[in-house]
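Down below are the structures I want you to see.
Both complexes shown next keep chain A, but they swap its partner, so chain B is in the first and chain C is in the second.
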Partner chain A sequence: MNMFGMHMRSKTFFWRASTIEEGNEIMASKSAQEGHLSSQEEENLINDTVRYILSHDNTKYAIKRQDIVKDVLKTYGGSSKYIIDGATRVLKEIFGMKLVAVEQNSNVKHYMLINNEKFSTDARYMKWPKEVESQQVLLMLTLSLIFMKGGVESEEDMLSFLSNLGIMSKNRSHEYFGDVWKLLTGEFVRQMYLEHVRIPELDPPKFEFRWGRRAEEEVSRRSLLEFVSLVYGTDPKNWTTQYQEVLQTEKNKREKEM
Partner chain B sequence: MINISVQNPEDALIDAKVVNASSTVLKRSAQALDTNLLSFTREEYYKNTLSDLQEESSVVRQGKLNFQKLASKAAECFSRTPPASYVLGAFQVGEVACAKKKEQKQRAKQEIERKSQPENVTCNKEEDDIEDSVHYIMNVLTAAYRQNKNKPICFFKLVINPDSFGATVENIFHVSFLVRDGYVNLSWDENRFPVIAPVPRNAIETKYEQQKRQMILGIDMKKWEELKKAFEIREAMIKPRSIDATQESSN
Partner chain C sequence: MEQAVSLINRVIKRFNMEIQCAQDEITSEKCYLFISTVENNITGKYTKYSAVELEFFKKVLFEIVSSENGHVSSTVCLNLNSSLPGNMTKSDIEALIEKFCEDLWLSQKNGKVYLSLLSIVELEPLLTTAYEDSVNICCLCKHLVIQGYRCDKCFALLHLHCARLYTEGANRNTCPACSADQPNILAAVENTSLHTEDDFSTPTSHG
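Moving on, here comes the complex of A and B:
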């Protein structure tokens, strides 16, 4: 049997789900050596990648493309783009999650997983772990402050805001939130919710907070504006600048998905 | 024109820096401008948030603000993926438990081994003791027999120790070895009392021809007292070993 014949056979034979596992493996390994992936192997790799991404998503840190190649794909690193595209498709269609690529430097790709569903009415039925709950409240307060202030907030202003609310106190972690400063400058930055950057050309150095990449994808500006309006007791539309921004962001997202 | 600017490079540098700084300042001022109908200030925001929370929180918790009330509103703002966890957990948990069990088994075995060694030593010692006692009793019996003009000796007179019931039982126990091995001979006397006599040495070698008679005896403290009275036993024939000093009981 020549190689070509075997290759053609493998492609047509394994189109249906086959129960002859041994035959699969022998054929698959041979065709892999040729440089092609059988659809069975492809499926396995895609499934492994999906499982890898799902379990690494727990921490909300970015998943490095290099790690996926090293841990899951191993020798098949060359087809990483194809496999990751397949994984994106599976995550979107079966799990309802969006795998978003973040490019920090060129060629260094990170991925993060966002929920594709909108939580407007069903949110009250979801029960998050206690840590996540308190972190979400803290993030909502800080992100809404940054948003209302036009996208940037200096470190000192953030500090005074939080201490006025009674959340920040020196050398003491909050009962509900934990170590607030550590969360803001460490954990949330690593999870890409916030950016804690140094203002250029200022001496002594000063820092400011901005929205992080994950916040851009995950957080709905409209909900934040609604919360602020609720607190003030007014209508969201009264905040003209911010409302314009909400509409603009929503329009951009719609265009992206098309 | 180009020559002129090249002639004063320091000036050009300073000019560039000035332009840079002023543009940064302009940018910041532009950012600080607000064209809202309602302007947003930090102070107003936090005051409103505080007052909202204080209204909602219960009367008891006035000192601390209950931020948990905001939890459901906060969750609505995020499109977060729920944490994925496995129902049964990682496979490795089972292996860890087994390893511990093995260690415990090994430890248990080692402990048992250590414990058994001292036991072995005492066992041997005990066996030696028994052998010594048996020999001793044999000697006593032989001497008494000779004193008695080679007539069998009353069994009870031999074994009973008037001061210690425990020693009596031990003596019976030791004598039973002699009986079992055929070194002594049990029989009845004219009054149907058991008597005991050592077997002569030459007869021991042909012990298969011997008739091995054995007696089943039961004794308790009451019987012991009665026997003491009946036979008027005042002194033990078999002197007890030094260990039995604690077993002596007063009458």
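Moving on, here comes the complex of A and C:
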């Protein structure tokens, strides 16, 4: 991923689009592109971007870069990379949150916020809305299943797993978990916890579940393995393939941070 | 705790955020509230509540502010459905009130709907400007007061905890606004507890 290349490309695109508009706007947008924002304006934009990201993140849906440009930066869209970098720094240093960029394809960029800090004391006294609790449980179950099965799980196997646990039943909402299938294929996918993808070249179409980008960032495979081991009364190391994957993922994460 | 809060406030001020300390009007519990100091123009289309839901909340706000006792009955709220756009049934409204209660904007007890402390503190600037003529300001702390003790001579409304501090300090039962005798004031505030800073130095465990 060539970040600099992408910035150049969006700069050129912006320049071409603005030649169609009036002269004044070209001047203003050009100077913003060349980073001639006053430092006060720059700080205001960064602050606004931070507020925007913080408030939009409560749904956990991805925040589109286009929306940040449209709603916050407006005519200063050309400086978006610079401003978003500034916002990323602020979010990390002041709020302890990591802004992660997710690229759907080369033109569309989404962002999500994840917690970068560990709680030094118990989170026991924190209050969560009640759906959040049941969703977390459901997520942990499905993510564990997918992980233990090597990272992919077919729709049918997921269905039977949940039915066996008494969580899924046809045409009925579970009283604690709610509309389970809708959560798995809708909400959790939008929140990037799960990916629900079509297996290519299969007719009639079949789907499978994988870990989503947010799960990769937020969830520890090690703790899921420990949870499963607890349920089965075994030692995590007995699950050799999965344990290897835990070690590999942790190694990759450490290398990325350096 | 205070030091931590003021340090945080210094840092988050640029984002129009603040942690304020306030006392609940009924329980006198001191609470820390994380609020926004400006109306949401940047966060703009705030996606958590729909336009109709926000419209309902505004109507409840108006009802409470113009009420005599600082609260409104649930029945009145349920009947607001007819003045709202869209087809909201009374049970939709009931669910909506529950939602606002869970999100800590309103509270509900014994068939009455109240404004939560969060609403009172965060919306104070909005309420004092929009409903300038209907809102009451406590003459002791100069902040918005919705529920409290009302003097029967000048009709000034005071926070219970403010009145308690006043009667203890001044050692007499008079209205701080008009100095009229208020023999009932002691009885009204006697159940109000006085919190000191010490109460909040360590979190208590509730088992």
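Here are a few things to note about the model shown:
In the analysis below, the second predicted complex is superposed on the first by the 213 of 258 C-alpha atoms of A that agree within 3 Å, B and C clash if a C-alpha of one lies under 4 Å from a C-alpha of the other, contacts with A are read in each partner's own complex, and residues count from 1 in each chain.
FYI, contacts are C-beta pairs under 8 Å (C-beta built on N, C-alpha and C of every residue); 3 or more make two chains touch, one makes a residue touch a chain.
What you are looking at is a predicted structure, and each value in this text was computed from that prediction instead of being measured.
Once the two complexes are laid over each other on the shared chain, residue contacts for A:94 go to chain C alone; chain B is not touched.
Contact with neither chain B nor chain C is seen for A:75 once the two complexes are overlaid on the shared chain. Of the two partner chains placed around the shared chain by superposition, chain B and chain C are both touched by A:129. When both complexes are overlaid on chain A, the residue A:58 reaches chain B and chain C alike.
When chain B and chain C are set side by side, the one touching more residues of chain A is B.
Of the two partner chains placed by superposition, only chain C is touched by A:48; chain B is not. In the superposition on chain A, the residues of chain A contacting both chain B and chain C are 54-55, 58, 129. Residues of chain A that touch chain B in their complex: 54-55, 57-58, 97, 113-120, 123-124, 126, 128-129, 132-134, 136-137, 139-141, 143, 145, 148-150, 152, 157, 160-161, 164-167, 175-177, 201, 217-220, 223-224, 227-228, 230-234, 238-242. Those residues of chain A that touch chain C in the shared complex are 43, 47-48, 50-52, 54-56, 58-59, 71-72, 94, 125, 129-130.
Listed in rising order, the residues of chain C touching chain A in the complex are 11-12, 14-17, 40, 42-48, 102-103, 203. Put simply, chain B touches chain A in their complex at residues 24, 31, 34-38, 40, 42-46, 48-50, 52, 64-65, 67-68, 70-85.
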